[in-house]
């Protein structure tokens, strides 16, 4: 019984972390059809920038916001400077975002060295919480709560604001969005900023669990892909459900079928792509 | 067997809550020129798509010369003698006109699996491609790339590709769309010259050309057949005015 | 560009003709060319950068001389990809005419170049810890002054059983060869002495999070042995404390579970963790004191597993080449001298080699202590003259399969 | 056109023949060999990308899997290379047929993702199925065995084998491009629906293209393992797949020379430039960004357009 409860909690906590990782990826992918392979790099950069801020004495949450803004700004620059000209050129986008991820990885290594950089959770969230006789990390519950808050915020943004309406229109039909007078280029900049901001923020929030280390980017990017494939591209509920699904598959899968740990996430991804390529909540079919 | 070249028998198709085609029946005799008219969104192209096999009707049957083809894949229908042109041009822009027609010929004649011999060296096929182009007045342009041709020439290329396949039944989706008066006249003359062993079903908004061309006319609205008859009957019928003008 | 290629042609010409005449005869005042295979880009770069720092520091302390000859250190970045390692090795050997090689970092890299270096008679000082290198796959031109993957684990197992009186333990390690070999070595000695390994957990190398694994750990254990590499020991330990297990079950580990490279980051959570290694930054001899001081000065870091290896190579090479009077042109003589020498004062203490090219030396049991806000791996027990075969007979030992995921079979697992 | 064609073949042959004489040492010839092996892989991938419009991010499977198959059968089952090589190629091709059935469920980015996921599954299997693959330690072949009694152990002799294989691959793919099948395949790239309406079997065309790509990829895979004499999970990893994709797109998809040029440039940056430039990894990334920004269709078409503006459509 305890196994099921604690692994469920693990799954939910990991799902929260994955949502912070993949929400931005899904948004960019859905609206702009850009498979942003630099997303893992942006996430890692966020973690490093957050750690640096904290070393300067900035409190955790402020550091997270600062890292999000910094990474978001970088994302906007990259979108405006490089990716915008590649609109519609899928291979070009793949190549450019991969190139960016190479450079981010290399410069992070140059700047922060190879050793892992720890990020400490806020002191009050550090001690484990005792639930029915067993301990569970308090911070992970906080990550879950924070992810849900972010999800709610994003939902409000998408459903209740004019920007959100434009984004939704753009995801559903770009030609139509353009024809009703939405300035798509500014919308794209805004979305790329938002996506990159979420990546940077997620890097810091995930920091106390993952820490910042070389290779964090390549460890995380496939997870974001799996989430988005399972949940469906460009769908916020999809990203949320996909994140929790991946959390559940990973935690229970590795616990119950340890021999499949290396492929546990990609087998469901293959199955989903073969059975329903648009994902659970996908509105975009191709 | 059947006296009909194309027989659409009571087909219906729904997309979500929307009925795109409702109990449509269409019987086209061999050699007939049939015109489909109706306002935008009446379901004309949707009907074409089902005849061509882009998607399957929810119910009903489609037959070509009495042969059942309701659930056959498109490529089989093409081999049975069905060809189609598109309202929105779908050509291969970086290739020559000759190459475009050759692709059409490969589609019906096979030979597309050959991986070694050069397509350009298939002289017989190239000659027939040139013939098909000459038949629509593009004989001189065979070696040009599609990207370097005019819109009117592309319309005619569409026609050449369909005719090259020697279809028994030809579906023409607005073959005159977007053409100038001169070009329209050229295409009209071409259509006139298509031999009567080809049955034609055409969607067209240019009533001057279309009405003169058609033997029988079917009026569609909201996915349903409103009425069917000869030129004179359809023009005379008050329902035609109703559909087009709304009361 | 043109001059470069011409010079290369020229060099090649000399190299070929020289080889034809005398094997590898070259002018005596020529520097000693050491090819140094490390990883400076990509996810494995952390260890690779420390390797280079360790080498540079040792050379600095020794006036850039080995065996009286000036050293030309040729550093190659393998990116941690076996195919690149192979190409870089060829570059060092064929283009840059290295006299000997140090490295590479990872086991799979070493395996990718093993046949090449052997067939080119290239003396290679191995650093990667993999058992094959000095056991069934032992090679003539290979010597490893550090440790095989299982070498330190044996000692840790003995310590856990005899000194800590542990009887029920769990092992957890990265699911790849290095992790398998460390835990299997531990399991063998621990169970041969009478203990029981009741749980074996192997998370994937790239596990995003250890929460799910930590939740599975049994609560009635005497201790846990960790066979982690890179930063995983640090991440596991942090999660272990997050889940409230810190201090409840003693943590022990192999070579890299609590390396100096991750020791500071782990903070107070690391205190009390016991690991076995051939080296400790806190080991007390003159060579090591100077080495650690210089590392602290230049890089503000304590040397650990990765930085110490090249420094030990330096000392071993220095002794051998001094003995040869600076002559390194005969690869057979060089490697034989390296392997037959006994070197007393390396930074890990005395080093000698067994018949398979693996160093026999001290294995230290180290316990993390916190001194003035700084973590140190204090040596609490020294096992002297530890062979890679522990106390087993080498021939008998090698009749068994090489340590792996599946051997020895863990017979006492409870589920 | 035929004149231009024959000039291309003459230049390519001259290049491959001159290379061993132009390069200063066996070391450089070894690098050239590595590059040409990867050029075959890139060419095979370009059948999918350039001809078929299917961007795969899992093509390393056809490098690594046959490499494993050849290494395993020769090392662990003691098969002669004459048997192991066709077996490995057959196996790679068969797996490509299976993966084609799965991948062709999706198009565009969906296709990219599914090939990526399949690649990751194969990587995971290679990493984890230690009993068969040796796990991360991989499989070694101590010496390059003679094939059909021919000694190919030296750098030079093996270069000849690889150069010949590349020529054969180029000729076959050149024929494929000009053939009716090539025309149909490009047709499915531009206008799949129209191809369908013209009576073509679009799925089967794509399937066959995928298998062709798998077949030539497998040949590269066998050459790869004979080249490095070692195979490990890294040879079917995502970075390896991405590298193959980068070679194609960098050089220019849909051209014969593009993938070869891309393979050579990336190999040179990775092996030669990296010896002089510490931050070569950044340089590699920067190269991609600059080339794609300045010449979105790749180097070869880009340079052609540069030197001969307004010629258009040259392949």
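Before moving on, here are some points about what is shown:
Letters A, B, C and D mark the chains as written, and numbering starts fresh at 1 in each.
The criterion applied here is as follows: contacts are C-beta pairs under 8 Å (C-beta built on N, C-alpha and C of every residue); 3 or more make two chains touch, one makes a residue touch a chain.
Owing to the predicted nature of the structure, the values given are computational and were not obtained by experimental measurement.
Common neighbours of chain B and chain C, listed by label, are D.
Shared contact partners of chain C and chain D comprise A. The greatest centre-to-centre distance from chain B, using averaged C-alpha positions, is reached by C.
Per-chain Cα centroids separate chain A from chain D by 32 Å.
Separating the centre of chain A from that of chain C, both taken as means of CA atoms, is a distance of 36 Å. Separating the centre of chain B from that of chain D, both taken as means of CA atoms, is a distance of 42 Å. Chain A and chain B have Cα centroids separated by 48 Å.
Multi-chain contact residues of chain A (touching two or more other chains): 105-106, 218, 261-262. Contact of a single residue of chain C with at least two other chains is seen at positions 41-42, 175. For chain B, residues touching at least two other chains: there are none.
Here the chains touching each other pair up as A-C, A-D, B-D, C-D. Here chain B touches chain D in the complex through residues 52, 54, 74-75, 78-79, 83-84, 86, 90-95, 99, 102-104, 106-108, 111-120, 122, 145, 161, 165, going by the rule given at the top. Residues 5, 8-9, 12, 40-42, 76-77, 79, 81-84, 86-88, 90-91, 94-95, 107-108, 111-112, 114-116, 119, 130, 132, 175-177, 180, 205, 404-406 of chain C are the ones touching chain D in the complex. Considering their complex, residues 3, 6-7, 10, 13-14, 17, 105-106, 109, 113-118, 126, 128, 130, 135-137, 139-140, 209-211, 213-215, 218-220, 223, 250-251, 254-255, 258, 261-262 of chain A touch chain C.
Interface residues of chain D, counted against chain B in their complex, comprise 175-176, 178-184, 186-187, 190-191, 193-201, 205, 208, 212, 312-313.
Contact residues on chain D toward chain C in their complex (touch as defined above): 24-28, 30-31, 34, 127-128, 130-131, 135-138, 140-143, 228-230, 232, 234-235, 239, 270-271, 274-275, 278, 280-281.
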